[in-house]
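The following pair of complexes shares a single chain, chain A, combined with chain B in the former and chain C in the latter.
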Partner chain A sequence: MSKIGVFVCHCGENISSTVDCEKVAATVGKYDGVAFSVDYKYMCSDPGQSIIKSAIAEKGLTGVVVAACSPRMHEPTFRKVCAEAGLNPYMCEMANLREHCSWVHEKGEATTEKAIDLVRILVEKVKYNQSLSSIKVPVTKTALVIGGGIAGIQASLDIANTGHKVILIEKDPSIGGHMSQLSETFPTLDCSQCILTPRMVEVAQHPNITLYTYAELESLEGFIGNFKARIRKKSKSLDEKLCTGCGLCTTKCPTKKIPSEFNEGLGNRTAIYVPFPQAVPNKPVIDRIHCTYYTKGKCRICEKVCPTGAIRFDQEDQIIEVEVGAIVVATGFAVKQPDFFPEYGYGKYADVITGLQFERLASASGPTLGEIRRPSDGKIPEKIVFLACAGSRDPAKGIPYCSKICCMYIAKHAMLYQHKVHSGKSYVFYMDIRAGGKMYEEFVRRAIEDDGVNYIRGRVSKIYEKNGKLIVNGVDTLLNAMPVEIEADMVVLATAGVANEGAEELAQKLHISYDPYKFFAEAHPKLKPVETNTGGIFLAGACQAPRDIPESVAMASGAAVKVAGLFSQDELTREPIIAVVNRQAAPVYSSCVGCFLCVSACPYQAIEKEEIKNRNGEVIKSIAKVNPGLCQGCGTCVAFCRTKSIDIQGYTHEQMYTEVMALLNEY
Partner chain B sequence: MTEFEPKIVAFVCNWCTYAGADLTGTSRIKYASNVRIIRFPCTGRIDYMLLLKAFDEGADGIIVSGCHPNDCHYTSGNFHARRRWIMFRSLCDFTGIDTERIKFSWVSAAEGAKWADIVNSTVASIRAKGPYTDYKKVAKYPEKEVNHG
Partner chain C sequence: MTLGFYPGCSLKGSSREYAESVLAVAKAFDIHLEEIKDWNCCGATAAHNMNKELSLALPARILSLAEKQGLTEIVVPCAACYSRLTVTKHELSENPALKAVVTEANDLAYTGSVSILNIVQMLDKYIIPNLEGRVVKPFDHKVACYYGCLLVRPHEILKFDREEDPQSLDALMLKAGATPIDWAFKTECCGAGLSVSRTSSVGRLSGKIIGDAKDRGAEAIIVACPMCHSNLDMRRDAINAYLGEKVDIPVLYITQAIGLAIGLDRKALGLQRHFVKVSV
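Moving on, here comes the complex of A and B:
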């Protein structure tokens, strides 16, 4: 006979404001097999946990149902409580009264009834729960970091410094990411390259870090502690061992008019190129789409001039397989590109540029060597307009969120412009100034008060060209929506930060969740900001949401600590939610008939053939067998099995049918 | 006469739709309280006999929901579920089980509002259809009349 304990949580008022918790406890307390039921204000608190523990001890409970928040939130907490009280943790189930009931329904009879139903189905389920013990799996103590921007660099260095091996892959020819493109950084105005490039060099030289640039993740298999990643090393058309990075090839390459990605199209590069002078590794790659040899079959000048004979035109992409125990995803963000702002003429007028392009203009290593010159004719703009929220906070554009970094970098841009062009006038159109952060608000005030940047609160409806000037039409909402017209020489759009192209595809390879904007989803918005819902995969930086540098670095260090924590154990324990093929006494051995439909259904190749032999070694029967190390517990095989010979622990046929029956057959 | 309140059972996967329904809660989006969620590891685990069982036990409508194609936590469980659903639906149609009472959908962990929409629209359509009694009567008949003694 089961002795179930039911513990109904008020969650402060989160549950009790719409659900009559006392009634739930009282009603459920009368059910068959329920030996104890109680409601309490905070079940997860220390006194709440004590109630559960003492009930287990005093009443000799055989199962526990905690009716509280989502099991995705506190199931581990309450399972641990049970384990501490001597009850198998898998004899504990949670009814989701908060997320699935009290928060989504109005107060009333129907809501309380639903709560009772939710508790009842788990009371009935838990009667069929079995004691399970967690599975131990080994840990491969190497981490894979995807993305070599500041977040990826920080995560790699932090993990490597704990003594563990790191494999860092970067899709571009050099690490550095967006930060390497920036001129100065807010709120200190220190030069971005000056603080970043030493880190880049450290990555390249660190004995624990293996760096693969121009490489992407091809596929991923496995699970926490035991991932197998296939990495595509795109062909650089170069023998990196022979190349000394002398740069002769890049100076001699005849294809010189390719818009430079690093300079955001404001400068040119050659077909064989190093993205920027401080690149790590400082060795060129051949861009096969533009290279004359690959497009027309003739040239090979780089091969002729190379003093070490390092050019390899016939080099192919290489796939390497690595085994890793944890993954940090730090793939960053992108900025919204042309044709998104037809009303602002981006792409149509050369002098309407993005914030990232302005960074290149302001950068000492940029195409103008740090002088603010407009792209169309190279003149120094006398009037410059900055538009905040170009795309951001605009549901009509499909980007309702705030891109977070723009308010700060616009203040920085305006400041840099004023410092470089003393006679110039700068205007900022903004919706709100969001300068939350240490020394951030002071920085914006400095731009306005010390550097005389004109901040106009209002939006811009249209930008058009007239007599060589860009006419910016907007309103000043602080002056009763008075129309404002500015004849500008250059306009900078603070374009929205968006998810990378291919973010969705990468998320699918990694089996991690992503939000409607294709930013990767954290496991919990407050308490698990760097974890994903997939064990062993962590997030760092702007791939999760728009982030500035300090936040990206903090996240990266956070992710690194999670990885180090994982690697501090030699073995991991895994949930025993796995499939099992039944075994019976001879002469049946198992109800499995050996059709092996399950083998083709299994996404993990976890099911193999087992031969049952008699004492003479003759095979009497072939049945399926689940490899518990590989099984991830999806249960697809269970639904497939025609003889119902496979069952999944924790979600057995008995349990699921019982839930359905308990739900609908009311007491 | 009070309005008919249909009983809706939702079979959802742990990783996408269950989490999506959690998000509906954290976003405090209100929806009809007729639905009861049963959690599965994956839609691939859902044995469609359970759907018949639910109708048999008195459900008026059923929601099956999991991860969007390609987003499955277990790579391909949702594809298996979809493939089986297509087969199962035609079998139901053939045998005369009202498949309009089964809503098959994808709700990701980020789609809290979509979950509320699906529940509300399913409740509305089942309410319009009325209680599901046909199949239930037939199913219960032998249980009551035949003496197994």
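Moving on, here comes the complex of A and C:
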């Protein structure tokens, strides 16, 4: 005879404001097999847990139902309580009275009735629960980091420094990401390259880090602690071992007019190229889309000039397979291009540029060697207008969120411009100045007060070109919506930070969720900012939302600690919620008839054939067998099995049927 | 063929030449424009700021009358009327409660079955496909196509052309043999309803439009709205006062320009009615 304890939680007022908890406990207490039933304000609190523990001890409970919140929140808590009291933790079930009942219904009889129903089906289910023990799986103590920007670099270094192996993949020919494109950084105005390149070099030289540039994730299988990743190493058309990085090929390449991605199209590069002087690795790749040999079948000049014979025109993409225990996704973000803004000229004015392009103009390694010169004619602009919130905070453009970094980098841009062009005039159109951060507000005040940047609170309705000037029509909302017209020489749009192209596809490969803007979703907006909903996969940097450098680095270190924590265990404990094929005594052995439909149905390749042999080693019967290390408990095989020979532990046919009957029967 | 026709007040008054040219061009292509009987004011421009139900009931009555008359497609040349009728159709299809109120107020059945064409859509659908071989006097001028505020806004409702940098008039004028210029004031405000009450403001706002067209070498300005036309044409003295010079670029309705291109009589197109002499 079952002795079940029912513990109804008020969750403060979360449940008790619409559900009569006392009545739930009293009603359920009268059911067959319920030996104890009580309600309490906070069942998850210490006193609440003590109630459960002492009830198990005093009443000799054989099963426990906690009627509280979602099992996602507190199932581990209550299972632990049961285990501490000597009851198998899998004899504990949770009825979700909060999310499934009290939060979604009005106060009333029917709501309490529904709560009673929810508890009753679990009471009936728990009568059929079996003691289970968790499964131990080994951990592959190697991490995969996807994306070699500052977040990926930081995460890789932090993990590698704990003594674990890291595989870092980067889709571009060099690591460094957007940070390598920046001129100076806020709020200190120190050079971005100067603080970044030592980290890049450290990555390349770290004994625990294997770096694959020009490489992308092809596919991913497995689960926490035991992932199998296939990585596509795109062909660089180069034998990297032979290449010394002398750079002769890039100087001799005749195809020189390809817009440089690193310079955001403001400068050109060759078809065989190293993206920037401090690139890591400092070895070229051939861009096959533009290379004359690949497009027209002639040239091969790089091959002729290469002193070590390192060029490999016939090199193919290589797929490598690696086993990793954890993954850090640090794929970063993109910025909207000016052609997104019809009101600012659809990208047809050369001197209307993005913030990232301005970084290249201001950078010593940029196309103008750090002089602020406008793209159209190379003149130094005497008047420059910066537009904050170009796209951001604009629901009409589909980007209602704040891109977060723009207020700060615009102040920096205006400041850099004033430092370089003393006679110049700079204007910033803004909605609000969002400078929350250490030394951030002071930085913006410095731009306004010390460097004389003109801040105008208002938006710009239109930019058009006239007589070589860009006419900026805006409004000053602090001057009673006074129209403002500025004849500018150059306009910088702080275009919205958006998810990378292909973010959705990558999320689907990784089985992680993403938000409506295609940024990757954290597991909890406050308490699990670097975790995803998929165990063993973590997030760092701007792939999760627009982030500045300090935040990206902090997130990366956070993700690294999560990985290190995972790797500190030799074995991971997994829920025993997996499929099992029934076994019986001879001569039946199992009701499985060996049709192996389940083998083809299983998405995780977790089912194999097992041969049952007699003492002479002769095969008597072939049946299905589930590999507990691979099974994810999805239940697909259960649905496929024609003889009902497979059950999911904890969710058996018997338990499901009982739950349904508990709802249908009169009590 | 026959299409419904809603002229609105302007086309019966200050912009008679717009109506004349619309009817003349339609006739040249064997299109009979059948006026909606007993039509009323569309409610522009004041009603939607005063009383929402009234502002919907007025256009709804026009659409109901068109339905009653058996018309399935109506041409609405005035951009303000086009805006009011289209917005009403949209609002009533989105909001059944409002539709009930409006139907009761008008005491006329309303199903929303009538499709509404502005002049650009009408030309695009019924004239341009048959234009080949009909252009006898190409409108060989540099033209600035001016769309004003109502023809392409709000885009969510009208779903017509591009809101910020519209192209439809330019495309039509290209077909008529003109060279449309790329300019900056296609959708800027002309001063619209201030034409009578604050002429000096119209001088400034329309002055910027005329000034930019002139600077970029336009020989004519092409419009599709009576309000735009009256501000740019009738208020030319105020505009010239603002600009500090005498600018005599004529302002033509799109139908007048197309009419000239297909060789219609200038008088039939009402060109003599303009304040700024149409010298092109």
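Keep in mind that, in the parts below, the second predicted complex is superposed on the first by the 651 of 667 C-alpha atoms of A that agree within 3 Å, B and C clash if a C-alpha of one lies under 4 Å from a C-alpha of the other, contacts with A are read in each partner's own complex, and residues count from 1 in each chain.
One rule holds for everything that comes next: a residue touches a chain if its C-beta (ideal position, glycine included) is under 8 Å from a C-beta of that chain, and two chains touch if they have at least 3 such contacts.
Fair warning: this is a prediction, and the values are worked out from it, not measured in the lab.
In the superposition on chain A, contact is made by A:V660 with chain B only, not with chain C. Taking chain A as the reference chain, the count of touched residues is higher for B when chain B and chain C are set side by side. Within the superposed three-chain model, A:D32 lies out of touch with both chain B and chain C [touch as defined at top]. Using the contact criterion defined above for the overlaid structures, shared-chain residue A:E316 touches neither chain B nor chain C, since it reaches no partner.
Chain contact summary for the complex, chain A toward chain B: residues 70-73, 96, 98-101, 103-106, 110-111, 114, 117-118, 121, 507-508, 511, 513-516, 521, 533-534, 577, 601, 603-604, 632-636, 638-640, 648, 650-651, 653, 656-657, 659-661, 663-665.
Of all the residues in chain C, the ones that touch chain A in their complex are 162-165, 184, 188, 212, 215.
Those residues of chain A that touch chain C in the shared complex are 342-343, 346, 462, 464-467, 471.
Those residues of chain B whose C-beta lies close enough to touch chain A in the complex are 5, 7, 9, 14-16, 18-19, 21-26, 28-31, 33, 36-42, 44-48, 50, 53-54, 57-59, 70-77, 80-81, 84, 108-111, 116.
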